[in-house]
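Going by the order they are written in, the chains are A, B, C, D, E and F; count residues from 1 in each one.
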């Protein structure tokens, strides 16, 4: 797995839905019948999360026969995961897996679209994802955005130095920020220092304060197009990011501004993918259905 | 709290973002300065999750001075939670709390709009939320939809009997389903039996099989308008639900069809609310700012 | 598994007994010797929990060769689970598995007796189990009562509406309860509303307040026999439950009163089954012993 | 607390019952009303677990005003814990606390009776409790048996050396056991070595093999009375325990046999205590009710 | 707290030592006596971990009156934490707290010595700590090294790019590494790329492959002194680290080589500090003892 | 496994280092390549922890081909664990496993040296390890000391009675301690009572108070040599321990004093073993390399 999920996370996803019995299946006497479960794509998507669903199926007592790996495209009608096992195992995994796939594939698909749109404009512009998302989904959202071709901006407070205006307010101003950086930069020699700026003037002050990276927040593309060259000229070694309000609808415009990367939270709130679920008794000699994507090179 | 969150859940939300140190604040020397944190609303919203953010602030080492309770409306510019404490406590809680509020208030706001739209059409039609959402967010999503005025459809596999076509496929057909219900219904005498149907014919078969509730899946409002009266006439005691593809854009149409309730997953994928964060050094004698909503009657 | 147990639960059961080393086995040099462990029944029982013990054995490093499934009868002398593995694995699982089997089989056996007694009197009367039991054992107790043929009354506060006199005391009286139900019943259209009553008069008031189900608490069978027909006549659609003080000794009497179901906590405090444990070095070519029950149809 | 319970254990007890919302209270609009909760004893009991219930109440959002400490007697009609708080907090704690008290007080009460019966016969005979009980309740059962005056026999595999016949079967016989003890006893010089014996002959062999303690298993009291003096004479320094089938009905007989202690599992399956629950709106100036036991010296 | 510790971590530390009862205190009747616990320093140290011990004391049921904050020096005889509470609370916390303080203060003290030694030689050389330590102690070790004045090198695999020879072996060689960097560097524009090198030649190849930081592994100080100027001349923007075998005994020599920082694991295996524990009955009007360090400016 | 580790512990070790992605491997495209990982010993060691590393590898998605069992010696150049699997699995396990092996083998190696040194002087003197170590590592440290040939002194507060001077201070003095022991000793008849003493006089008082074991704290070997015979003469049945400041440098001297066992914490802070890691692409028909130790008899 690209992202490591603890067994307790897998179990927690299952337990969220099936903490006690499956009352319906129990009433219907669906216990040990050999059952086949298929997740079938309804729209073209970029796959993410099938490895995790395979683990869910396994923890429920079933077995995954094959799946389309994360990072690969799938077409309408395609089965992206086929699992088998006793009815009670497979029916328990059903909705847990479906929820996960709809969430992760939805994000991966949108991410891929945005990355494609950006790279079409300028192949050297990266799409980076933020720490903004529903509480508790960071790992899965990361798996999904990686599957779509994006990279994380930062994954936690302990990873990079990113100075927001809120920090500046506490410090007292640009000068105090600059002094703190000057004093401690030697100890952070493996890190880049990122400072958020609202306009060109702040960007200059950020660079003078010691920023290796200037992150423009909520600056429109047309403005960025004007000020990025000025900043590059004054500080050629500074990396320039655009952040705040970037989404599928304006990513291409931002990509054309000359920045190094777009930082966006919008991918984490992508529309879920539409994944159908087929359940059937397992045929005695079930023929392996041909899979389009299994020959492709996936992320994992 | 309406919904019970374990301490480990609160801590896991914090740890997701701040598992190690806050590198930026550490470098800037922001440790013990008395700091005030405000979550400020940018659009009119229905509040949800402030009680949980108060717990996050507490677990980070700060204190919440006041907050707008879940279930209450808030206006642009309004501070819905004000916390104080040492800089390192408050800065650690900042984004964790913001993410939670944006997610929960976004859902509560959309839920409230849909409930209002539905009730305007027919005050006896309920809005019920499904088990479909990002993995791991069920409790928080429930808190948010309750705050917006909806009720849960069901919260897990062990709670109600809900027979999908997939169950029917495993059983062999309607007759086998009917026989299983006939055999076991006495033991489920406290429960209603819900069966999903794709059209009027299936609805009849469901009712004959013993359904107390028929849930139409993906039947357009105009069709429902025609078939609901027929089903009511044939089976006056049967509760009728509409599910599948219901969202803010068509909820009012569905509400006019004569069904008892709408079952929808769409609220769980609401656009996040836009919540700003203000951080400042705590004034020595900080005057308590007047809050619009604190006098209102919230959910809790 | 009928009931889903997280790996952390399996491990917690083991860790409760074997959190550090097995000092006795370590001193005796019992480490890697191939060892066979048999759980042998001393009295006729209804089996429950063997699937979970198989998981315990596996997590300890051993393997289960065969077991009698939950829900099946076992006779004195019968081996209901046979495991093999290194001595240290098998000896670690020994008492953990024995405790689980004695607890679960004890409950399943008593449950089966009570269900049989009730069904002999009236096959349409259900036995339902409550939320009363030792803290932390709900899932395992559920597995055991399901194995004995009972169904759960309710598994948590979020599942059904059950109005106790304590709620009524807070509301102010029957009228306030009735008003709340009238106002919210539409939103709970998939649920039945259960109200507890102490006598016929309260039952009438409950039904008038909107109860779908009236649960008599601590009403003796002879009284119930008199008042159930009256209630049925007045409210033919109301489901009637008897609860409070029902146990193996009086369940048949309650079954004859005309109620729909008996709600009982007593099964959770059943006498533990007496399960012996045999441990031996594994014979090089150990012949598989024939098992009586393995051909029978178990719960899972 | 005599026994340490992690916050996650407290929360898990609550979550077992109230993992999502309290549907009944939510429907009835019971949210913030100041509410008083009383646990009232119906029979004379020995109290256990009130400290843990106080923690449950606190984690639910309420406050415990006073409680009778564990280890103290309580009389019918006595309130052993009085808590207050918002309705939703108090109603969530209600059944969780009741279940805990019924379980723990039931065990403590029986334990106290058995200890009294034994000490009346011979004040130097101890009552020791085993590792046999429902899975997952060891800590709470320990709290309860300590509250009743018993001591634990052993709390896990890592604590003492206790050689069962099953170990002997793996070792090959008494001689191999004796050799292992001879070889390793120096390294266990802080521990006593306990060996189980079925009769006097085995007891002699156990003592010769190096046992500091001989534990007779399932030897009737009348037989013990005869063989204990012989064993004492032959091995005056050996501690003698009786185990297997000891319960409230025969403990006094066992106490008269001259053994040092009785080892029993039966206390863990005591009948639950009968604890009533009163719920009311909190009076504005609620007078503190006098408590009988609060002046007594409890265990904690 | 500089580093966030979940409640479950605090509880796990306590449970590791006190999972059941405190048998000694229970036997001695040490339950509720008001007790004072003092951690007293025996050698000059740099304090770390007192904030965490205060949480341990609290979770055990006691209260911390005052403590010396992490990051401050303490002198022999100085009490660095004074707690009070019932005997059973304080005695439970005793050894858990002592172990934590000895571990954390030991690391902080050595760290401070090494940082001082390094800064005396060259104030612009940082001391960075690695991911090498006993399993499970990363957070506490981080707290301790921060308290001693060091910074983390990296805290996990997801934080920085650090290419070891082992990666190179899998890639096939320097050229393949260089190609991968060239292809992906734009997407890591907020990160520095660190490559390990064994000698000057490898350092050149690393820089040519795109390294922002070259980390020399196990190169002796005398060799470094010679090659660092050459590398600086050829690649003036490259940051240079020394790693591998750096410890208190040679850190000053490494500091003189011209590198930017020393990367060391040795601090995590520092000798534990010697912290004595005094326990006494709390005096009725106990006078607050004057504390040397409480006036100093600590880390938190 | 000699010591039971829960799956959550294995996962927590992995998650500590690899909570999100492996950024370096991801950038380098190291995903599915078949990769071989070898842990190679650089100095002669006693192995400990390989069973746990095998579990880490498995949880990361790889497979362990063979390993040298804990408790066995290994020579420089020897591979003590060889694992294979996809690059991303093996690279994730790499450092987690290395850290564990360096910690555990370091302790086992030093333990073995001390045990050898002690046994050379007097084969009847045991080496016992205390509860002093870094927080959270008790189980792994126990595994390591057992692998080196030591035994645990005690593993938690609930296991033995060990009366420290701090207890005595709370009780009031020796007489109160003696009275408590006299009153409760019958209930602890399976346990030995251990009392710490600072000199011969205290040892006499301890024995008179009822100690089965006297533990001298910080008494130099030369003093012990003088006073042990006196104590043995006066109290021939008392077990005598030496504790406090015992380490590899003086263990042999302590072993010659006539005590029964040495109690030491120093082993838990052993220098980590030096374990190299080799990573390579798996050869298509990789020949199994011969292993020196795999034929030896390990601890497990």
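Some points to look at:
Just so we're on the same page, a residue touches a chain if its C-beta (ideal position, glycine included) is under 8 Å from a C-beta of that chain, and two chains touch if they have at least 3 such contacts.
As the structure is a computational prediction, the values presented were derived from the model and not from experiment.
Shared contact partners of chain B and chain F comprise A, C, D, E. By the residue-number overlap criterion, the interface of chain A with chain B counts as same, with over half of its numbers used by both chains. By residue number, more than half of the contact pairs of D-E reappear in one of the listed pairs A-C, E-F or A-B, namely A-C. With centres computed as the average of Cα coordinates, no chain lies farther from chain F than B. Chain centres here are Cα means. That of chain B falls 42 Å from that of chain E. Once the centre of each chain is set as its mean CA position, chain B and chain C turn out to be 32 Å apart.
Counting only residues that touch two or more partner chains, chain F has 7-8, 12, 18-21, 92, 138, 152, 155, 158-160, 187-188, 191.
If touching chains are joined by edges, the resulting network of the protein chains shown has some other shape, matching none of path, cycle, star or complete graph.
If you check each pair of chains against the touch rule, the ones that pass are A-B, A-C, A-E, A-F, B-C, B-D, B-E, C-D, C-F, D-E, D-F, E-F.
Touching chain A in their complex are the following residues of chain C: 1-4, 6-8, 138-139, 142, 146, 152, 155, 299-300.
By the touch rule above, chain E contacts chain D in their complex via residues 7-8, 11-12, 14-15, 18-21, 26, 31-32, 59-61, 86, 88, 92. Against chain F, in their complex, chain D makes its touches with residues 124-126, 128, 151-155, 158-160, 186-192, 194, 213, 239, 241, 260-261. Every residue of chain F that touches chain E in the complex is listed here, in rising order: 9, 12-13, 16-25, 27-30, 33, 35, 87, 91-92, 94-96, 98-100, 102-103, 131-138, 140, 156-163, 166-167, 169-171, 177, 180-181, 184, 187-188, 191, 269, 271-272, 277-281.
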